[in-house]
Amino acid sequence: MTARPEAVNGAPAIELRGISKAFGPVQANKNIDLIVPRGTIHGIIGENGAGKSTLMSILYGFYRPDAGEILIGGGPITIHDSQTAIRAGIGMVFQHFKLVQNFTVLENVILGAEDGRLLRPSLARARGELKRLASEYELQVDPDAMIEDLSVGHQQRVEILKALYRQADILILDEPTGVLTPAEADHLFRILRGLRDEGKTIILITHKLREIMEITDNVSVMRRGEMVASVKTSETSPSQLAELMVGRKVLLRVEKAPATPGAPVLEVRGLRMVDAAGVERLRGIDLDIRAGEVLGIAGVAGNGQSQLLEILGGYPEKGARLEGEIRLKGAALPLTGSDARARREAGVGHVPEDRQVEGLIMDFSAWENVAFGYHDAPEFQNGWLMNQAAIRADASAKIERFDVRPPNPELAAKNFSGGNQQKIVVAREVERNPDLLLIGQPTRGVDIGAIEFIHKRIIALRDAGKAVLLVSVELDEILALSDRIAVMFDGRIMGERLPDQATTADLGCLMAGVEPGTPPEQAIPPAMGPAGVA
Amino acid sequence: MERMPKWADVILTPLISLVLAFAISALVILAIGESPTEALKVMVEGALGSSYGWGFTLYYATNFIFTGLAVTVAYHAGLFNIGGEGQAAMGGLGVALVLLAVPWPHWALALPAAMVGAAVFGALWALIPAWLQAKRGSHIVITTIMFNFIAAALLNYVLVNLLRPVGSMDPASARFPEAAHLPKLTDMALAFGMQWGKNTPANVTFFVAVIACLLVWLLIWRSRLGYEIRAFGKSERGAVYAGISPVRITVIAMLISGALAGLMAINNVMGEAERLVLNAVEGAGFIGIAVALMGRNHPFGVLLAALLFGFLYQGGGELALWTSVPRELIVVIQALVILFTGALDNMVRMPLERIFMALRKGRA
Amino acid sequence: MDFPTILQILDSAVRLMTPLLLACLAGLYSERAGVFDIGLEGKMLMAAFAAAAVAYATNSAWLGLCAGIMGALAMSAIHGLAAITFRGNQLISGVAINFLASGLTVLLGQKIFGLAGRTPALAGPARFSEITLPFAEALRPVPVIGPIYAELISGHTILVYVAFAMVPLTWWVLYRTRFGLRLRAVGENPASVDTAGVSVTRLRYGAVAICGVLCGIAGAYLATGISAGFVKEMTAGRGFIALAALIFAKWRPWAALGATFLFGLLEALANRFPNLDLGIITVPSMFMSALPYILTVIILAGFVGRAIPPRAGGEPYVKER
Amino acid sequence: DPALIFDLGGKFDKSFNEAAFNGAEKWKAETGGSYKELEMQSEAQREQALRRLAETGANPIVMTGFAFGEVLNQIAPDYPDTKFVIIDMVVEQPNVQSVVFTEEQGSYLAGVMAAKASKSGTVGFIGGMDIPLIHKFECGYAQGFKAANPEGKVIINYTGTTPAAWNDPVKGGELVKAQISQGADVIYAAAGGTGIGVLQAAADANILSIGVDSNQNHLHPGKILTSMVKGVDNSVYDAFKAGTEVQPGIKVMDLASGGVSVALDDNNKPLITEDMTAAVDAATKGITGGEIKVHDYMTDNTCPVQ
């Protein structure tokens, strides 16, 4: 680690000058300047696809910039690859962790930072070092655990440990809290503050304005590949930041009338699910959703929500064992031997959590995607063949109603932006007027304008007397849309709340698996996310 | 936004790849001490220079259309069917059994029956690997390779012990009844008063193959099943979400694929040899891979690529017949075509994309 | 079956499994690094030809071995170029390599020797001869152990011992060295290696190169060890059997030893009992010779259906679309 | 000019096709004439090749291998002025000469010699692809061996069931070792390229082997007991020499006519005992005189001895 550039007195830890990067036709970063002073926590915010991750990946040597200059500690440096960045004291925790799933924690930590050609000495040293780091920074993990057996929160700790093990001075965290419970996020922030106080420099990418306000010293805002502002956190406000992010004033309070619930549409009793690997994913779920109401399911990702949606959508994971009872409009649904097609025919619409992997075929054109899942509907058939004219007409109409841009049904799904992709999926499912709409992470990766639109459509469906099951990891979204909120933890419903009575702290406890009634140790300030911005 | 126009993707890229493959082939010819231009001349004259040459070129092309389509259909379902060789061999068995079991009065009756036999046997031979892939996750590439070997052994057993007429040396079946012989293209041309391709094996199956191209196109791009096959091929998770059963699609796509490979037997077994001989497929199943790759897995592209390989095969055969170039030259050319159009196509695509991006920027 | 017969069958199995084992370990390196390789057959074939040709020309089996390794490495380079640098389809590249080797060996062989793809027969120092281990004769009279040592363990060519030594070596490299750790990581999640500052490309080329070296030894063994010269298509599907063994072994070195031994044993048994008489029916020889393939399918279906290949296997590492 | 068409094995197969080639070369050397030659590239080309040669005026046209039978039967009537000679197959057409060899007789002699040379009383046979023609060799060999040593044992192996079986010397060598371990000390190979591996492995193991088709004694002097030679070269030579006067009909190349024989030359002279010579002579006499009937496997697909 001697290659680290000499710090010029008082020079910023990081200085970026005129960084540009294009991926084919996409200009991800345009002429970006950024200064991060030493010993500070610097926030970066911006809509999806604004280029935050790209910029940080360039700093970390993962991508090479097309143009621009990087100075570390005042000295110019050419970062060829991550090795150079690591030598320069930069560590990065990626949005998607870069861990080897079937390696142990220890092996992951030493990967690329081994001491010699043989593993044994490296492993021994790393074990000791991890123990030290763990006690110093409250980063306990079992060094011999397999990554695939660890929770996301622990996996993130491993990523941070990896950076610290490499003696990083500059730590980049890309959306670290997306997968954490409020308590875990709080713990993370304590660690980050500790690191800053030690003199380390931290860059934090997040979508949550609350976190920016809570922990950062400075904040930079990116929009469409450009750096639009860099300000002191103390001199700005969430609403100003939101405005900078989208380039216009946002009004995100969802206007809705009180719900008028009717007859039960979905009744779930004692639903259990053991997956092919023998892990119990659902441990007895009881749910009711009535016509004309939205039931929001809050919870940290990975607590069984995905499995619940898949089972209700008719396609439980292969090899899973199921138990319990599901009734739709009073009629019992088979747990197995059915498929997603049958569910659709029974009146269940489903916007899946991951539009790119499930909801769309990325290589199909938009019009083909608008028929996806409904491709055997009678109106789309023409004898033995598909009635392409009918499908195209249907698609064009939906694309227009949902303001999908560009309004070109021939374009492949992969060529639409994330928000517009999501609009295609939502249009397809909502326009069929299902009696029950399952909707997972409806606005993940969607810009604020489109969020507004999608939220309105969900409420409109509710007001038309349909039942909606909303799964989201965004508490703000849950709070804004739901008529009732259920919190899931470890395959169970921890409790139900009404949105106007629920506090984030209360929900946070439930999400962390703490039984209601236990006094919340860590009070979390009220929501300040987009939904709270007036 | 696409990085380059569609025509560049579907026409220019394979064309340049092809040119590269041929350029290297020329070097190989030079290396073995022959003249590439002379070789090319012999090949073009032998394959395309006369109706006679065409008669062979079309015959080989017909084989390759079927095996190419077989690879194509499986490919759209995300399955790599290397088993065309075995499936086509089993298709031959189906044809032989059908034609030998019944004294067919006329070829027009025998042909559909033989097609059913060929398709059923080919499909059944693809069924087990498909089922294993769908149900047990056994890699279909490996199982289809194994099934090629098993088919060879099985066919050998059947020919030697069951179908071989007593006293015959040849591990081959008896001749099919005279009435079941398919009309050759020569005969058909004669009916129109034309002298064309005398004594060449090209036969009415060529038209069946062209129709098969059309049907496969309809299947893949116009039918609901094709929609489901393509969706499954692009994203299994997506297909499951949409209620498309992976098991069903895997099995059906492989059955169709196997049936198409099996149908090749109409051409070589029923149309040409008029009996079942050992190793009748002669590698056409593998050439189908190259044909499908070259043809960008589109039936029309497969048709063109099959013609190209028909030309290579006939031209290469002529070359080997009349010059001292060994026939393995065709194998090398075939390998290079597969390599450049299939595995190395990014080598051509990446610079092309850069050129088109630069052009676009220049215009903007 | 009496003891000597069993010994002889085992001895034959050892010889027959050697090319399978080498090719299987070759595939193991490549696939553990995330590069699938159905071109083992072609690499071995090319190596066999190069080894035989050079051994004939120089009258040295060792130079032949070097040439065999170079030949297989050349094929590996093509595979690496296609699979790593140009992010092509690894299966297709493998198919192409098999064809290329099958055609080129005959083309070159015909050009050089004019024997329709054969090389002239090798004799003397152009072949690897069988080594008698120390005390083999002295120990022979000792019951059980003696014959095992003298018949089964002693009396193979050096390449057989190399192949067997490769098993613990591979295990050690894979699980005890830095290179092994990185190799396994790059086959599971190349991004983890990349972000750790190690070059994915270099590692994968390294693995593919090792694969070439081992295929080279396997090919040289076929042409200059177990037989005396090259004959066209002499690999006769062994690359594919090795591939099946690799899956059967779930990409683990010791299991690879077991799997290739099983297939070697099967072939040895089929050689010994061509028409298996089961009392009621006699299994025809065709089925005996197809048995390894049938068994592979059965094994694939029954026991290794859940074998999980390296997670990044078959996928080119694409950082920027 | 006469013409010669080789079958798929190719003209340098060290046995069958090569023998035909040698016959043609002998004619060429003697007469100074020239001839056309073709190597088959694919099944569908058989007819093409024949017609092309016939149309260019080649006469007679000689082809090696039974696989031409069907095609020749079809096209011979189209070229009544051309004479065709087919080896190893009977085609009944007025302008075709069919040359067939009594391989069972030659193999019988090989069997007799094997029996005499074997010390263990166990001998081996290794066939290439498992097809009837090769069983004909096997069966003749077994009959000869059993006649000379009724108590002895013949171990029989085939390399495989696909054409690859002709090109697997590794397996050939392994089969030799397997047979040796079962006691065989003379092994007869009728297996094309695989046979090369058989002869090699036998020589390596210091046992005797028997070659086939051509005289292969020179491959491992002193280690190959003999070769069962088919006079393919002579029949090609004769056909070329007769030119357009080739006699149509079936020409049986048997032991009596010298069509099949066991090769004796300097290479294997040291291996031949007097006892052996006497036995071979006796068998030869018996066969040519009709006292010994060697059963032909091809007539009924069975072999009287096992």
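Per-chain numbering from 1; labels A, B, C and D assigned in written order.
Assume a residue touches a chain if its C-beta (ideal position, glycine included) is under 8 Å from a C-beta of that chain, and two chains touch if they have at least 3 such contacts.
Because the structure is predicted, anything quoted here is derived from the model rather than measured.
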| item | value |
| --- | --- |
| Contact distance in steps, from chain A to chain D | 2 |
| Pair of chains whose C-beta contact count is the highest in the structure | B-C |
| Centre-to-centre distance between chain C and chain B (centres being mean Cα positions), rounded to whole Å | 30 |
| Distance between the centres, which are taken as Cα means, of chain D and chain B, whole angstrom | 36 |
| Distance between chain centroids, defined by C-alpha means - chain A, chain C (Å) | 46 |
| Sequence positions of chain D contacting 2 or more other chains | 130, 161 |
| Overlap residues in chain C, where contacts from two or more other chains coincide | 116-117, 237, 286, 289-290 |
| Residue list for chain A, restricted to those that touch at least two other chains | 24 |
| In contact (per the touch rule at the top): chain pairs | A-B, A-C, B-C, B-D, C-D |
| For the chain D and chain B complex, residues of the former touching the latter | 38-39, 41-45, 47-49, 51-52, 66-67, 69-70, 75, 88-89, 129-133, 161-163, 298-301 |
| Chain C contact footprint on chain A (complex, rising order) | 23-24, 60-63, 81-86, 92, 94, 98-103, 107-108, 110-114, 116-120, 122, 162 |
| Contacting residues of chain C [partner chain D, same complex] | 4-5, 8-9, 11-12, 15-16, 19, 114-118, 121, 222, 226-229, 231-234, 236-237, 267-268, 271-272, 274, 285-286, 289-290 |
| Interfacial residue positions of chain C with respect to chain A in the complex | 175-182, 184-185, 188-189, 191-199, 311, 319-321 |
| Touching residues on chain D, where the partner in the complex is chain C | 10-14, 130, 156-161, 164, 167-175, 177-178, 181-182, 193-194, 196-197, 200-201, 204, 219 |
